[in-house]
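Structures for review follow.
Next come two complexes built around chain A: one with chain B, the other with chain C.
For the complex of A and B:
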């Protein structure tokens, strides 16, 4: 159904091949390699974000672009699922939960970034943001692909409206900039965390998973 | 004990003796010349470190000990040097500190760690002394850590602050057991082996990446693997 469709698209995109039947593709890629590619994507995005954040924070101006800027977290609605987690809890996450947390977080982060994209002033920023959003979209698809190849259902839920019902939009310019600041911070922290998440997944998804699937298909 | 700053002028009174009483002062057992006296007061101008020691005052004829003090000449602390580092990520991090110049008198250090609104306890290490460690309660935090170190001694105090993100201070220890062995029957090859630093608790989830460079002794240029 839907998950196979996504997986095929992912295969085609990453393999640079015409859309092959899903069966042949799973033989070539396997969950292990998809995880490696997802890991590589998070590192690439982390690198991209460094430049993007620098430009964007300069656009926001002081104090947001000061390296020591350490504001308190205002009591506004939690817009994005936080990457922050208890150490033992994080270690004990099942593969499904780990992947789902990443999928949900980046889906929502992507939404907020797209809203930002529609608002920023300079052409340079629009260009950088646009590029970053495209890469982030690739990451979401990549994670979705890994989940599908492992047989996990994709998380459903609010992927649309960026503002949860009842949460007020920023009442003034400064608070709006604070929201943007925290959005970039959350993104930065999630990318830092995801590399570790996918490292754990790399070790835990054994080649046996792929072999089993091949056997089931009679290869 | 009496603490005084380097360069200060020190006046010592002989206990409850009157100004015009006849007294003798000694420094570490050696009599002090009368030129340093103002009545029965001992005047030390522009003191330096060599003048630290035991000062005693004796009544003129009876040689009764009327006053004794240990003078320690030193300086108030300069701004301390503070460094924090996580060599055991994700377990926690440690902070270590020192004074850029010695004060020559005893100093005490107080360290505070604030994470957002929370106060965290930095447990002092027995060895080395100027170090304490903290355990992470949460991973992947968006909130910075703020560490303030205050140093106090009898002549004054000073402090310094560090603010950083969790990921900004991660720095593993160097690899261990680095061995380079010649390869038999192949004089142009070397086999280099090493181990993860033992302080790195979880190389499975947090793998380390290694970079190797080498050069023959006769050349100055390094080559990279």
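For the complex of A and C:
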């Protein structure tokens, strides 16, 4: 009811981190290494997610934990940013757009996961979720660091279409379970996609990245 | 743009039920969807429910009768789902089937160094309510003061809570636990205690066990009193327990008093012993009561020396050869100490420890 609206609003406010302090890693590491680290982090998170998702889906119970489960994606579930994108569109993304899409998606996903953490029943799940959220926060910061070191501004404002305040996220417990299922699915897809995004970036960013930054400043 | 209507509506939506109760649920397809009652079927936790339990209550409404429900398979609720013929999900309802909570029991509390209070309890005898049960530990000073709620849970196991500060001494507290779930609330009996009655402390630190010269049947144990002792007006008494490496039977030394060293006697020569020490604060602010024993310190190991002159030889592999070998080794080590540098650790004692280890690993190998 009301508390859900407040949750959603708070989330939107908290997640609009306008200015993440630019990590100094550019001085020591260089964008090339940061990209590699971010790539490694997405692989690590992918691995962590497998265990988390397994535990969580068992908590939701059958049919959610059945391997071939594929429920309809109802309109309300589209709040979660989708990773699936047209192949040509994906290929044509500029480095800035590519990084920004990742940054926005994970900031939003982190938000939803944190809300989940506050509600979930068992101590084991809370522990796993908490751990995962911390790692995911690390990924967001890592992407922010890469963007800063390449001279790109961090995305500000609400990530994606803003949810109307007060709109209930899920009007009943079963629909909420479906939302949770899709949240985990999208996380999985995003991590799978990010590995490819960062692989692509790795090849494009030369080791001597100083030249890139000077060009950016020249604008 | 108005959001798309849900394909169907289930009633009751997310009900809470007592174990053994029955339920009739209905699935009504939205008028926008071209489905009839005969196009629908039900599943519960992924398993299809028998058509015999269905009834069409209208052109687009199908009901299902569930009898004598068991406790929920998962605490997030049983998944009752209404499907269209091709398997698609139209709507779902989470059934919470269980029991109201039982009174929590066996509340025990202890205070670490008079600074805080940790309490643990057990759920009532049934334990499994099938529903998520919330436990709240509450406390208040007897005769006055408001109810306070403990905030830090699971510090000493699932059913525990830790109160870190703002506790008064020399005053009785009332402590109880409330258990609540979707079906009701249960309150434990009230426990009354004074913090000073349940004081414990950290185990002693720096426990060292060493030989007493060449004495084969003795070991000397030394330790430090727990650091918190200096700050408070209590004394400490100690207890030591020790066992032979291969045995699981601990021998306890009770009359250690408040010294921080003790000599164990009557031990077997050439044997490895494990030793632990624990501490109990007493005479707190002059009271005659004892506190609660601390945990045992981590086990420390040491071995008693073995004299070569033991007649008969306890060494099963023994024989003339070995005593000759040993004597010669001892002489060699003596010479090494005099003439070589940096070999101070090499000595007959090291050889003894190696023998003990050899016997132990030999025995382990033979047992498999």
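Throughout what follows, the second predicted complex is superposed on the first by the 172 of 219 C-alpha atoms of A that agree within 3 Å, B and C clash if a C-alpha of one lies under 4 Å from a C-alpha of the other, contacts with A are read in each partner's own complex, and residues count from 1 in each chain.
Convention: contacts are C-beta pairs under 8 Å (C-beta built on N, C-alpha and C of every residue); 3 or more make two chains touch, one makes a residue touch a chain.
Being a predicted model, the structure only gives us computed values, none of them experimental.
*Asks:* Who does A:135 touch here: chain B (first), chain C (second), both, or neither?
*Replies:* The answer is neither, since A:135 touches no partner chain.
*Asks:* Tell me the contact category for A:84 with respect to chain B and chain C: first, second, both or neither.
*Replies:* Only chain B; A:84 stays clear of chain C.
*Asks:* Looking at the overlay, does A:72 come into contact with chain B only (first), chain C only (second), both, or neither?
*Replies:* Touch status of A:72: both partners.
*Asks:* Of the partners chain B and chain C, which touch A:173 in the superposed model: first, second, both, neither?
*Replies:* second
*Asks:* Which partner does A:94 reach: the first (chain B), the second (chain C), both, or neither?
*Replies:* Touch status of A:94: no partner.
*Asks:* Using the superposition on chain A described above, determine whether A:60 touches chain B (first), chain C (second), both, or neither.
*Replies:* second
*Asks:* Touching A:199, do we find chain B (first), chain C (second), both, or neither?
*Replies:* Touch partner of A:199: chain B, not chain C.
*Asks:* Shared contact residues on chain A for chain B and chain C?
*Replies:* Touching chain B and chain C on chain A: residues 72.
*Asks:* Taking the touch rule as given, give the residues of chain A at its contact with chain C in the complex, in rising order.
*Replies:* Counting only chain A, the residues touching chain C are 58-64, 66, 71-72, 74-76, 121-123, 172-175, 177-178.
*Asks:* List the residues on chain C that touch chain A in their complex, please.
*Replies:* 3-4, 6-7, 10, 13-14, 43, 45-47, 73-79, 81, 88-89, 91-94, 132, 154, 158
*Asks:* In the complex formed with chain B, which residues of chain A make contact?
*Replies:* Per the stated touch rule, the residues are 68, 70, 72-73, 82-87, 90-91, 182, 185-186, 188-190, 192-193, 196, 199-200, 203.
*Asks:* Across the complex, what residues on chain B touch chain A?
*Replies:* Result: residues 90, 116-117, 136-144, 146, 163, 167, 204-207 of chain B touch chain A.
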